[in-house]
Each structure stands twice: as C-alpha cells, then as structure tokens.
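Please find the structures below.
Consider the two complexes below, in which chain A is the common component and chain B and chain C are the respective partners.
And now, the complex of A and B:
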C-alpha cells in the first residue's frame, strides 16, 4: 500500500517496563482487563548439571510490545457482520462503536488479540493508533512513553527501508496471515514465529 | 451500590462539575458505564481532535516517590480534575540531551491520586477507647468516620497522656521522625542502612569517601558520558531498568552503542540484562563474596592483577604492602591462596557456594582483568545481606586488582538509585527552604546514622530491624554488649504510612502495633500501617500541595506544582519539600498541646518554595562554579505573595514554571563531566585519600572497629567469606553431605516494577501490569509439582505468604524471588499473608552497621491446597467505609 501508517518496535532494547501499555490506558481510560497495547515476556532454555553446579543452557528472555497492527489485510474488518470496522486512507483500522454489535467475530479472527470486548459497553474496542493525535501531527501515546525509545510510528515503506522487513518474531503470529503494518528489530535471541523453542513467561493474567 | 455511593460523595464533597465528574469517574475501575461509555472509534477520534486544542491545560506535577528515578510528569487539568498525563516534551530528545521520560509507575500516577481507595476523611477504629480499647482488633476492626476536630482532639490527648504517664521515651516514630514530637520533648526514631545495605562503612574506611555522595553527588563512579569510554561494563546485582527507572537504562544503552560489552551478575535474568547485556553471570543470592574470591584466585594464580596499580595506590593486597601496624600475615593475597587459612579460594571452591560454573568464573575473571577501561559497578542489593560488608570489601578489592580507578571509562564503585550510571556533582540544585528541624532530644534518627558516620549508639535510636521487637520485648541493641530498655506506648506515623510494611518482620510488627496504647497514621490509602492503627488521617498528595522542587539525576531539576485542590477532607501531613516537616495536621495538634507552632514552622509553604526557587543554582557552562538559575521579577514576587528580592539568573521564573523543568544540556567532552578519583590517580602523594594510609585500603583495621561498635556482627580487616545467617549454607541440614534442610530454598527480594517500595502497590493499572508473582526455576518447580500460574505457599522461619508462581528459567536454581513492597494482608486464622509482602517472610536479624539483610533469607515453597488466588487487579480495593 502506498500510504500505510505502521509501528516500528525495537525488541533488542525493550525492557518490558509497560510504560507504553499504561500510557495507552491513561490516554483512553481503559478499564481493567483491556490492554490495547500489551507486552509479552518470551523465553526458554534450560539448566544442566555441569562441573558440579546447575548451569544455564541457552537460557534466554526477551520482551515484545504489541498492539493492533493496522494490517494491510485486516481480517477483523473482513469478518465484521456489521461493517463497523473500516480502514482509513492512511491505513489506520478503526471500530465504530455505534455500529458494533459486540458479536466478537473480530476478536476470534485477529491473530494478535487486538480487538478486546468491553463488558460494560458491550462493544469491541482496540488500538486506534491514536489517530486523533496523529491527525494533529503528534505521536501515539505509547511511542512518546517509551523510556528506551523502542517504539516509532511512520510510513510502512519508509520504516522498512530504515529497519528492514521483519514483521514477526515469537510470540507474535507469522506475518502472512494479515500482513501487519509492523517493522521489528529483533532481540539477539529472538525466535522466528511458529518455530520458537520457548514459551510466553508472562502469567496469563498479565496479558 | 457501594460504587454509586462513593461517586455521589465524590460529587458532593469535592464540588466537581458534572463534566469533570464524568471524566474522573471514567478513571475509576468499574464505573465506566456511569461515565457515558467508552466511546472509541471514528467519531470520538474526530471529536477528540477537535476539542484537544481547547481542552489542554498541562501542569507539571511531582512524581516524588523514592524509586531511584526522578522524571517529568505533566497533568492535563480540566475543571479541577486530571484527565490525562504525559511526560517530558520540553525539548527535542537525543542521547546526549535526553528528555526525562517517566516510567510506567509515573504514567499510572493519575490512578493513584484519583484512586477509588483514597482516604476521604478522618476515621477511628470502632472499638477504640481512650488508652486502647480491644487492641487485638487492630487490623480487623471496623472504621467510623469522625470530624477533623474529633480526630485531632483524640490524637493530642493520647499523645499528652502517654507523655505525662511514661515520658517521651514511650513514643516511637518509626522512620522519619516528627518536628512536632521533637518540639514536644522528642521520641524514638528508627534508623538503618535500608537501601544502601552494607556499603557506607566499607566505603568510608577503605576509600575515605562519605557514602552520602553515592546518592547525591561525587561518588566513586564517574558520570554517564564516561561510560561511553568503557570497553566493558559489569553491572553487579544492578537492574536499573526496574530500580532506577527513567533514563539510566537508556544511558547504559548509549555506552553499549559506543562499543561497550555489558555483563550482568545477578540471581535473575533481569530486564536490564535482557535489553543490555551480552552475558549473564548467574550467582546465588548472598554469595557474591565467594564468586569474587574465586575470581581473585584465578587472577592471582595467572598473574593477571594490575600489580603496579596495587603497589602504588592500595594497601593490604600482599604482605609487602600493608598499612602501618597491620600483621603482614593478614594480607588479601595469602588469604585467597589459602596460605593463611589452609583453604585455597579456587573457582571450584567458590562455585560450590555461589553456584556459578567454575569455567564461567575463570572466563569472567580473565575478561575483567584484561579489558581496560572497565566500569565495574555494583548496586546496593548484594550488600543488603547478612554480614554484607564482606561483599563490599571483596567487590572493591577485586575491582582494584584490575586497576580501573580514575581513568576515563574505568571505575570501580557502588552506585544506584538517582545516581545509577551517572555520578557527579549536581549541575542544578534547589535553594534551602529557610526552615530547619528542631533537634530530637531522644534520638538523632535515620540520617545521622545513614552514611558511614561513626555511630553514637546512645542517641541514634532504634535500628529498623529491632523496631518491633523493642516494642514487644522492651529492649533494643544500643552498642556492643549493650542493650537499652524501652517501654513504648505510642506509635506515631504522621507522615509515615509504610513503616509496618517496610520494616523487617511484619508479623512481629503486628504484635507491636497491637501492644501499644495508641497508633496514629496519616496516609493517602488504608495501607497496612494505617489498617493496624486506631486513628487514620487522610493526607494530601503533592498534586494537592503548594509545590516542590525535585532533583534526581545530576542534570535536571523539576518544579512540581499544585494541580488540584485537596480531595475530600485531605490535609497536609508534611510539607512538599521536606518529608519530615510538620504540615497542617501536626500544626493543629501542636496548637492543642499548647506549643508555639508558628515558631516551629515560621515560614509559609509558599515562602519555603519561593526560597528554594530563589536559591536555585546552575553550573556555569565552563564548569567553574554555579550561578543563579532563575530571573525573578518584582511582579513574580508580588504574584506569588511572598517576601523576596528580584534577581537575575539563567532563565526566567515564568519559563521554569511553564516548562516545569530545567535540564543542563550535555555533550560529550563538555566541561560538566565527572571522573571519579581523577586527582588521586594523577598524583596519589599530592592528593591522598582520607584514609589512614592515604591510599585505597584493602586492609582496614578501622572498619573492623567501627562495625564492632554497632553490636551485631563483626567483620575481618580484609575481605573474607563467612557463611551468613540464613544464607545458602543454611538451606542444608548438613552442608558437608549436602543434605537439604527444612528450608531448602533461598528467598530474596528484588525491587519490583509495580512499585516504588510500597508506594503504588494499590494502583489497579500497575497490579494489572505486574502481578506480585514468585519467581521459581523450572527445576525447583517441577520437583514440587508446581506449574506456571499455580498458587503456592511460601514459608520462611518467620512467616508465610501465598502467591502465583512464575516458573522461569531466568532465575538461578535453588532460590526464589519475590518483589519487595506488597501491602501485607495477613489472615490471622492461618498466619498467611495473602498479598505476599516480603517482610512477612523476613525476620529480626540485624547485622553489621544496621543493615536490613533482606536478600539473605531461606524458605520452602509448596503447592497451596486452598482456593487459588484471584489475579491481584481483581482484588477489591481497600475502601474502609463503603456506605459513607
């Protein structure tokens, strides 16, 4: 797409501090349990008894901060029976709460878990890419919150030219499902999506 | 409905407009429906963009907590309510001149200030009667709303009665003390090394430095620009990503980009390690000394030590270079080689204690000995251990063996908190408030003892570890072989709402709180300390007070300003500027006691803030000295309504107020850097250290003397390893045969991202982001049938907690970790703390110079057979009176 806004995420520097997650919650007053941006801790390896002591063997960990990827192929939109999900000219995918009927099809379809159901309003919600801020020329709340400067927003093609074409590492799904508007610099221990030897270490209540 | 009643009160008692109320209520968990819905999508995006420009009213507010960071928070204040926060956007961000971005805690602070669990009015315990009244119900009694007049009358008369009946020595003010009590004849304060662990005395006697500068200025480490000259950076027990949030981790990243290799030594694979380190050296908690000795053995036996440096700049390394009067046999080298005690401190010997693979010990030692310049930086955590001085001694000594002292990019020192990775003289600082504390006739308190000063135990006060046992058992340690009898009848926690939770041994603390005649606490929330009190007084936060100048890292100063009116009936317990200064609450109590409170605090808060502003100083661009920071006009002074004279400075007061921050621009090679030990390294004869030899002292007889004076544990003049009480060796019934005992695991307590110590523990968004989880290695978990997310019971010799297990390979085998600071929530029927406060597991085990050895503990973990725990963020908030 000629005109597509995208997130860049530097997994090599993320400290998993979740400033992005809560900057988002602060901007949108998100209720508990709804995290439009969230951070996974992924890791693996084991310990072996060597030279008389338990010794780490390929033990690794890294963090992945993720939100809606405003995909080139937004399956959430495609499955919505109410036509409540649209993609703007700049590629931002939005849910119209007045049209949403709360059927949750988008939640099931999205491999990133981006659309999340608000139990109180009975509609789906998700990352808006802070379209309101971007329309004023400002950065999304999460981008300006990152203390390690791991998040950026920009034109998808320009970000790819700058940082490469990687759009998936564990525990994210492979990129061929929805064509996410995402560019990743991998952590040195990052594992390819679908081929990881580790697991999500975050407790389920956390993500 | 409770929530509805609460919200009705919000509207009635704070006189908010409906519009403001809706915005606020949207922020309160579980009330979103009342707020008109969470209306996100196309329409609100457009609407938000339209209204954003007219609705912005950003005020710089304080993020004042004792986390180690100090960052900029701006609050969007609309109709008296904060609708959103943001962080530093006052200048373009760059690695040399970075903006002061706030961490997740600061970003969540709106949920703290406007939490549904904020205390709203004074309360007393239902069964309270003068002098006590069913004291055993403290912590589980119901609460009754009372007026401020009644509350202040109760507190004054209880204080007066205790003083008249038992004298001032019957009053305990744990933690920071009280100006009011000082003026009223004094009280017992508590003191201890708390954060810094065992560092101050070794630093004082081995380097001649005062460890106060480890926190506030020119310490033993250099500034952040010097780190970019390092080829190797060793972060020992340091996780600045969590414990010094804000820019320190980002600053280390710049050193990494400049080519430094980073190695983390830690029992956990920390967040800092994940993002920055090339290598993880796992080590069991409280055993770092053994690791260091194993490294020293490798270095000595391979002749890798910088002998020239040791000979010229240190004493005590070998028999040929001993300080005057010392036994030549008492040298470090002979101890390491086993010549003096028959035990060679080989990597294999070390490995059996510290758990680090011996091959790794050798390669690590090789690397630090052969890479220059190297920065070897320890946090305070490895010294927050039993006989932790031995770690400090060994760390400095092994560091000095590499010669990385006083050279660009080379440093060997403790650092952390606000100076993590960035020590040096403050480049901008605030003036004095113009008021000073009256002396406490009974105990000098925390600060006097804190930083390596010679202890005068008779007047110091009660060490943190013994605060509760002093109440329960009637005595505390005053000095070597000396106990002081006390009979405490009143616990005073005005301005201190965390003492019960944050002193060691909560269980003994609860006993103490239930023993005395009266307990008063001022607080923002029903903290555990407040919960076990008789009278609880609602306090303002710094967002509701006059303002404050906040400093942290050396390059900036923040002007936190009053953003909102006090919520509900909250009043100032302390002032914004000095945490121990008497505020409105103590002033009102003072009036009832007939004290001249105007003399006690002779200046208004406004005047105190003005004095700080007027006295603010900034470094001159050439680094040659300081000049006034602010230009203040006669109009500014009259608008502030204070006494003062116009002055000229670097920037205008109006600019400072609007930006809320002044940050000194930095570039590499400017005149504002700091290189520790530069003069000493250049010429040790002309610039001797303040040690008896004028050199770095690997051997220090004075250290031995000073530690002995405190009366708990002793140290040796050179670094040696002795097994600590409740250390790794204590996990065995028989260490020689390696038969494990009743408490086969080590327990240690890292700083956790959810909190700044105990502050923020109640904030729902942080509970959601960071569960209070127990970290356990898969090998230890599997042996106990524990899976990720299982509820587990942790038992130590001192107490029990339950928590969710986080099974992770990112922790050493045989040790479990639990973040410090959760608000203890003990079920009296089982003795189990459901919230997982680490002090529910810690005991009364004072050591060294008054160190709280939180990282030296043992315990057992098993699957919990009761109901599984609910996620922390789903727990009901502590709202003491639901139907008010």
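And now, the complex of A and C:
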C-alpha cells in the first residue's frame, strides 16, 4: 500500500513498564476491562538439575506491547455486518460507534484482540491510532509515553526499510491472517509466531 | 455461558430446525399428495406448518438479544459484499418472510396451488443458502475450532435431524388432535402418519450416523492443526468432556434407539399412542443433544493470537 501508517515496536528494549498502556487508557478514559494497548509478558524455559543443584538453563522472558495493527487486510472491517468499520486513506482503521450494532463478531475475527466491547456504550471500541493527534502532526499517546523509546509511528514502507520486515513474534499471531501494519525489532530470545515454547506470563489486570 | 451465548444458541438451533422442517414438510406433503390427494396431504402438514411460524419468530427475537445496540439491527445487512454475517441475516429474513407468506396463504387457502408450492419451494431453497451462510459465519481463520469443513456438515446434519424429528412429533400431535375431533379422515391420516414416521426414523438413524462419523475426524484434525485448535480439543475432551459425552449418548438414544422403536411401531396400525409418545420423546432427547452440541461449539472455541 502506498500510504499506510504503522507502528514500530522494539522488543529488544521494552522493559514492560506499561506506560504506553496507561497513557492510552488515560487519554481515552477507557472503562474497566478495556485496554486498547496491552503489554504482554512472554516467557518459558526450564531449570536443570545438575550435581544436586538446580541451575537455570534456557529460561527467558520478554515483553510485547501491542494495539490495533491497522492491518492491510483488516478482517474486522470485512466481517462487520453493519459496515461500521472503515479504513482511511492513510491506513488507519476506525469503528463508527453510531453504526456499530454491538454483535462482537469482529472480536472473533481479529487475532490481535483489538476490538473490545464497551459494556457502558454497548458498542465495540478499539485503538484509533490517535487519529486526532496524528491529524495535527503529533504522535499517538502511547508513542510519546514510552520511556524506553521503543514505540514509533511512521509510514509502513519507511519503517520496514529502517527496521526490517518482521511483523510477528510470540505471543502475536502469524502475520498472514491480517497483514498487520507492524514492524518489530525482536528481543534476543524472541520466538517465532506459532512455534513458541513459552507462554503468556502476565498476570490478569483489573484495569 | 452468558445470556449472549444463549441468544446465539437459541437462534442457530431454531433457524436450523425451521429450515429442516420446511424440507421435511415439503417432501411429506409431496409424497402424501401423490398417494391420497392434496386435501389429505394438507391435513397432514398444515398444522405442523403453522407451528413453525412462532418458532421462526422466536429465533429472530433471540438473535436481537445478542446485540449490544439492537436499535441499529437494521444495519446488519449493510455489508453483504464481504460479511457472511450480513448474508446470514439477509437470507434469514428472506426465509422468514417466504415461510410466513406461505403459511398465511396455506391457512386461508389463497391463490392457486402452484403459486403456494413455488413459494414453499423457494423458502426451502433459501433455507439451504441460509444454513450455508450460517456455517460460513464461523469459518474464521482466527478460529481453528470453527474453521473446519465439519462446521457446515454438522450444521446441515442438525438442520435435517431436528427438522425431521420436530415434524415427526408434529405429525403425531396432529394425528392425536384429529382423533380427538373424531375426524372422518382417520384411516388415511393414520397411514400417512405411520409412513411419515417410518421415513423420519430412517433419516434420523442416517443423520446421527453422519454426526458420529464426523466427530472423531473433526477432533483429530483440529487438534493437529494448531496450538489454538489443540487447546479447543483439550477443552472439549477435558473440562467439557462430560457435556460432549452426554451429547453423544443422547443423540444415540434419541436418533438411534428411539428411532428404531419408532420404525418398528410404525410398521403396522394399532400402536398410534405408543408411536406418538416415541416421536415426542425422540424429538425432545435429540433437541437436548443438539443444544448441548451447540453449547459446546460456543464454549470450546479458542482464538489464535492474543
């Protein structure tokens, strides 16, 4: 796509502080249970029993911060029966709350868990890529909140040229379902999507 | 299971049962009319047809209950170009309208026979497209437990199994009603009901056979397909295993054992009371089995990703 805004995420420097998640939550005053940006802790590995001593062997852990990927193939938009989800010329995928019927079908279709149901307004909501800020030439709230500077926003092709073409590591789904507008620098222990030996370790959050 | 899931379970089960019922009614009426004339055929199937009207209405009311904003429900048909859910609702509405119009014309005996038959035939054909669309709604790439050939196969099996046994129970109730009214048509109607129930019993045994063959192949293919698929199968065989077992046992009892009794008792006249009770029991048992199957369907899907 000639014109597609995209997120860049540097998993090698993310410390899992969740400033991005909270900045998003704060800007949109999201109700309990809704997190448009989420930070996952992914890890695994084992301990070895050697000479009577337990020794950490291949234990690993890393963080993945993720939101809506504003995909090139937005399945949420395709499956929405109410035509409430649209993709702007700059690639940003948006839900129109006035058109949404609250059937939650997009929730089943999106492998990133991006569309989330708002129990108060009874319609689906999701990351807007801070379209309001981007239209003024500003960064999304999550990007500016990141203390480690591991989130960036930019043109998809330019980000790929700068950082490579990786768009999926565990626990994110394989990129071929929706063609996410996402560029990742992997953590040194990052595992390929769908072939991970670890699991999501983040505790459930009451936020 | 929350209220929203129950809305979907009610909607899908009742719609499938209604589509299957239209087919069973159509075939039964066609064969009855060839043998005993149109009037006796109407007497066999008219009341069963009228019973379908509230069932279809209930299905669509249930479907509204799963929406967050039902006032926007009319918008559900605005993405026919790419959304199978839009197509499902679209064909669902056409099916319902055709079925209601047909039931009304048949009730008042308005219009030529050919016109009524054409409307009924269209309703039955649209019903097949509806069940096909309904299957495709669930065949999402991110949902390996649903994205399988087994989804359409089992939806169609449910359609015809519930349609057949619902109409079997309806024919039995219709006959009991005619007898209580001491209608002078008892002999012909007795034969028609027995013959219909015999074929319904055969259909039930075949369809439950299909379900039993599909199940293990489906479980094996989903378990081997992906991590999310394996997680689904682990749910179905683990914490929800009792439900899967109960669902299979009830299907075998209702559509197997009871259907065989039904077939035997329908061979000769004189067991009408027994026949009626068997038809009611088979329908209720299989309805419970199919509802459990659908509960399992919604409770066991595990989406790929996060």
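As a working rule, the second predicted complex is superposed on the first by the 203 of 207 C-alpha atoms of A that agree within 3 Å, B and C clash if a C-alpha of one lies under 4 Å from a C-alpha of the other, contacts with A are read in each partner's own complex, and residues count from 1 in each chain.
As a convention for this text, a contact is a pair of C-beta atoms (placed from the backbone, for glycine too) under 8 Å apart; a residue touches a chain by one contact, two chains touch by 3 or more.
What you are looking at is a predicted structure, and each value in this text was computed from that prediction instead of being measured.
Of the two partner chains placed by superposition, only chain C is touched by A:101; chain B is not. In the superposed model, A:61 lies in contact with chain B only, and not with chain C.
Looking at the shared chain after the overlay, A:27 reaches chain B, while chain C stays out of its contact range.
In the superposed three-chain model, the partner touching more residues of chain A is B, compared with the other of chain B and chain C. In the overlay built on the shared chain, the residue A:182 is in contact with neither chain B nor chain C. Residue overlap on chain A between its contacts with chain B in one complex and with chain C in the other: 84, 100.
Residues 4, 66-70, 72-73, 75-79, 82-86, 89, 137, 140-143, 226-227, 301, 303-306 of chain C touch chain A in their complex.
Contacts from chain A toward chain C in the complex involve residues 38, 40, 66, 75, 78-84, 99-105, 108-113, 117, 122-124, 171-174, 177, 194, 200. Against chain B, the residues of chain A that register as touching in their complex are 12-19, 21-23, 25-33, 35, 43-47, 50-56, 59-63, 84, 86, 94-98, 100, 118, 120-121, 125, 128, 131-133, 135-136, 141, 144-149, 187, 201, 203-206. Of all the residues in chain B, the ones that touch chain A in their complex are 26-27, 29-30, 32-33, 35, 37-46, 48-49, 52-53, 84-87, 89, 93, 101-104, 107-108, 110, 241-242, 245-247, 249-250, 253, 269, 271-272, 274-275, 280, 282, 348, 351-352, 355-360, 753, 764-766, 768-771, 773, 777-779, 788-789, 804, 806, 808-810, 812-814, 871-874.
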